[in-house]
Amino acid sequence: MTKALIEYADASAEVRAVYDDIMATRRTDSINNFWKALAHDPVTLKRTWESIKQIMGPGALDPLTKEMIYVAVSVTNQCGYCIASHTVSARNKGMSDAMFHELMAVVGMANETNRLAAGYQVEIDEQFK
Amino acid sequence: MTKALIEYADASAEVRAVYDDIMATRRTDSINNFWKALAHDPVTLKRTWESIKQIMGPGALDPLTKEMIYVAVSVTNQCGYCIASHTVSARNKGMSDAMFHELMAVVGMANETNRLAAGYQVEIDEQFK
Amino acid sequence: MTKALIEYADASAEVRAVYDDIMATRRTDSINNFWKALAHDPVTLKRTWESIKQIMGPGALDPLTKEMIYVAVSVTNQCGYCIASHTVSARNKGMSDAMFHELMAVVGMANETNRLAAGYQVEIDEQFK
Amino acid sequence: MTKALIEYADASAEVRAVYDDIMATRRTDSINNFWKALAHDPVTLKRTWESIKQIMGPGALDPLTKEMIYVAVSVTNQCGYCIASHTVSARNKGMSDAMFHELMAVVGMANETNRLAAGYQVEIDEQFK
Amino acid sequence: MTKALIEYADASAEVRAVYDDIMATRRTDSINNFWKALAHDPVTLKRTWESIKQIMGPGALDPLTKEMIYVAVSVTNQCGYCIASHTVSARNKGMSDAMFHELMAVVGMANETNRLAAGYQVEIDEQFK
Amino acid sequence: MTKALIEYADASAEVRAVYDDIMATRRTDSINNFWKALAHDPVTLKRTWESIKQIMGPGALDPLTKEMIYVAVSVTNQCGYCIASHTVSARNKGMSDAMFHELMAVVGMANETNRLAAGYQVEIDEQFK
């Protein structure tokens, strides 16, 4: 039951208001499964969307950079859904093949050296404190 | 014993060659503890440094963006050493307070929605496949 | 081969004894795939079941609370099998939709603030030590 | 610099408003280091606090259960700060020694069986889909 | 309070019995902090020790290999305590510097390629199913 | 597009050179999907293969032990592709059923005690520092 998706036609006014804002903000006429699943809990749907809208918009970092950071985290966490959806989002915001390849290379390397630092029990340098 | 750091003065020629390249590439005269710890294994020291040098240089992504991706991964993995050192590196490459704040906001949010997607068992949208 | 499932009819007496105890304890007549896979290693099957039986029974925490904690961990770790099976178990023990929604909200938020605390390198307050 | 803590006396009106709400909601006269660190980014401070306030209050799950779920996630993620602070919070909300011990036992076991399920590549049972 | 360590002199008969078995099995006269902390919950102390004793003894894999696998997991999870204690245990069981270096190299590499496989969304080869 | 696999017949000379080396080194005439996906980025393909070749060959640790460590990390990280492929590799290098069972038991246990150590906030023993 929790996995059922709530389509626009079946949604409450409260949920529709969020769907409308998502579509208007993202200039699209479709809603991702993520939101349709969260719609079972309108409070979390609304809070999560409003947080995402606030965070992912343009600011000191541009939206593409933010989307690539999202991919980096999702890959590190092995979240299949999030990798698929945010990689497409990053593509849509202008991520080229070359940028994707470098993103993956950095994510892979960071995951490697995170473990080398831990395994060698490296103490933090004075100048980094 | 593995935690001892190998200083330049005590290093073998093989290790010194890597240290020299690190200092020349980064235009600095100091070596981080991470490398001084890895120096116990000159093969891994050399391979890791050469990989990092290849990956972190300018390309389709600029060095600051890469450094922030490194921070995003390190924070997700809770690697204390890596968070401290790469945050300083990102600062040195131009990360402002505002950029850091947005980076943290995205990393936090991505870690949250990664779990919502998993917990709600959301299936991947056709258009993301 | 490791992925084959050992059905009751094909199980050794040692494995059947564990299966019988699982079915009696849980008042069910079916065995989950998890146990049928573990049955390839009767020692681990027995140890794991006996640990689970000891841990998940009623105590200072009620079985539903324990099952929700199990879901929280499984979601954090992105374990697809465990999310599916323990969410159903929690449902069977009385988790309502509203409880599930709040559980997910807490898990998501905790994963977010875990990273904010790490990324901001917050030191532990004296009163928490 | 990012690690400096912003005390009430030095905070902007915007930050003080959040601090005041935290202290009023939690009926305390002190602010944890987590919030004092986040205060460098008043937007994230406010959003995070309001989300936490919405999520952690009484609902279908009681506040103590929610706090223990928070601990479960923090332990799974190895977040030292979060383990220390949320364990104290759970204690303050009534977690007894016996409850803490059972919480840890469940968290440990779930982390173990999450890996057994993954390593044995167990397929999801039909009835769990 | 949970962090207090229970010394042999202050331990109950139930806890002492486990301590005695640990010392006899490991041929040592000291008890690690891990066990002294777990001793607050004699049931978990006993279950955990008996599981560890069953698992870590000689079998199809030798004790040193098992100890290095323990280190690999602990490093991947960034568990500071576990890295420190199991690295020493592996040393005591015969892990040389060269073995440690190779262990770290493999752990680092596996963590890297785990993310490359996820980020590139590689589908499982038919022959691996 | 990133998920398309680059077959030998369609590969550039640069990629073919790596494929040839993989097949020669591993004495096989097939290439895994992992490499066919990475081939979109020949620089990363080459660097990753050369690192793997350097790391996974015989040394102070034998290739089977290294492969089992790879499995241990992949299981801990819940990387489905990596678990499937490295388990088969380990089998091909001689991992028996009994060895696999013990490997899983150690990985499960380590993941459990990693959390007990964190949750009980155990301080590192003097002799482990």
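For reference, chains read A, B, C, D, E and F in written order, and residue numbers begin at 1 within each chain.
Here is the rule we go by: a residue touches a chain if its C-beta (ideal position, glycine included) is under 8 Å from a C-beta of that chain, and two chains touch if they have at least 3 such contacts.
Bear in mind the structure is a predicted one, so any value in this text is a computation, not a measurement.
Undergrad: Chains shared as neighbours by chain C and chain F?
TA: A, B, D, E
Undergrad: Given that chain A and chain B are copies of one sequence and touch, is their interface built from the same residue numbers on both sides (over half shared) or different ones?
TA: Chain A vs chain B: same; shared/all numbers exceeds half.
Undergrad: With residue numbering as the guide, point to the option in B-F, C-F or C-E that repeats D-E in over half of the contact pairs.
TA: C-F
Undergrad: Using C-alpha centroids, which chain lies at the maximum separation from chain E?
TA: A
Undergrad: What chain is the most remote from chain B, judged by the mean position of CA atoms in each chain?
TA: Between chain B and the rest, the longest centre separation is with C.
Undergrad: Taking each chain's centre as its mean C-alpha position, how far apart are chain B and chain C in Å?
TA: From the centre of chain B to the centre of chain C is 34 Å.
Undergrad: Centroid of chain B to centroid of chain E, CA atoms only: how many Å?
TA: 27
Undergrad: Could you please state the distance in Å, as a whole number, between where the Cα atoms of chain C are centred and where those of chain D are centred?
TA: Here the centre of chain D sits 21 Å away from the centre of chain C.
Undergrad: So which stretches of chain C touch two or more other chains?
TA: 2, 40, 43-44, 48, 51, 76-80, 84, 87, 101, 103-105, 107-109, 111-114, 116, 118, 120-121
Undergrad: Drawing the touching chains as a network, do you get a line, a ring, a star, a complete graph or other?
TA: Contact map by chain: complete.
Undergrad: Taking the complex as given, what residues does chain A use to touch chain E?
TA: Listed in rising order, the residues are 71, 75-76, 78, 80, 83-84, 87, 103-104, 107-109, 111-116, 118-121.
Undergrad: Touching residues of chain B toward chain F in the complex: what are they?
TA: Those in contact with chain F are residues 43, 47, 51, 54.
Undergrad: Show me the residue ranges of chain A that touch chain C in the complex, using the header's touch definition.
TA: Going through chain A, the ones touching chain C are 1-2, 40-41, 43-44, 48, 77-79.
Undergrad: Can you list the chain B residues touching chain D in their complex?
TA: Its residues touching chain D are 78, 87, 97, 100-101, 104-105, 108.
Undergrad: Give every residue of chain F touching chain E within the complex, in rising order.
TA: Against chain E, chain F makes touches at 2-3, 30, 32-34, 37-38, 40, 44, 48, 51-52, 55-56, 59-61, 65-66, 68-70, 72-74, 76-77, 79-82, 84-88, 96, 98-99, 101-103, 105-107, 109-114, 116-118, 120-125, 127-129.
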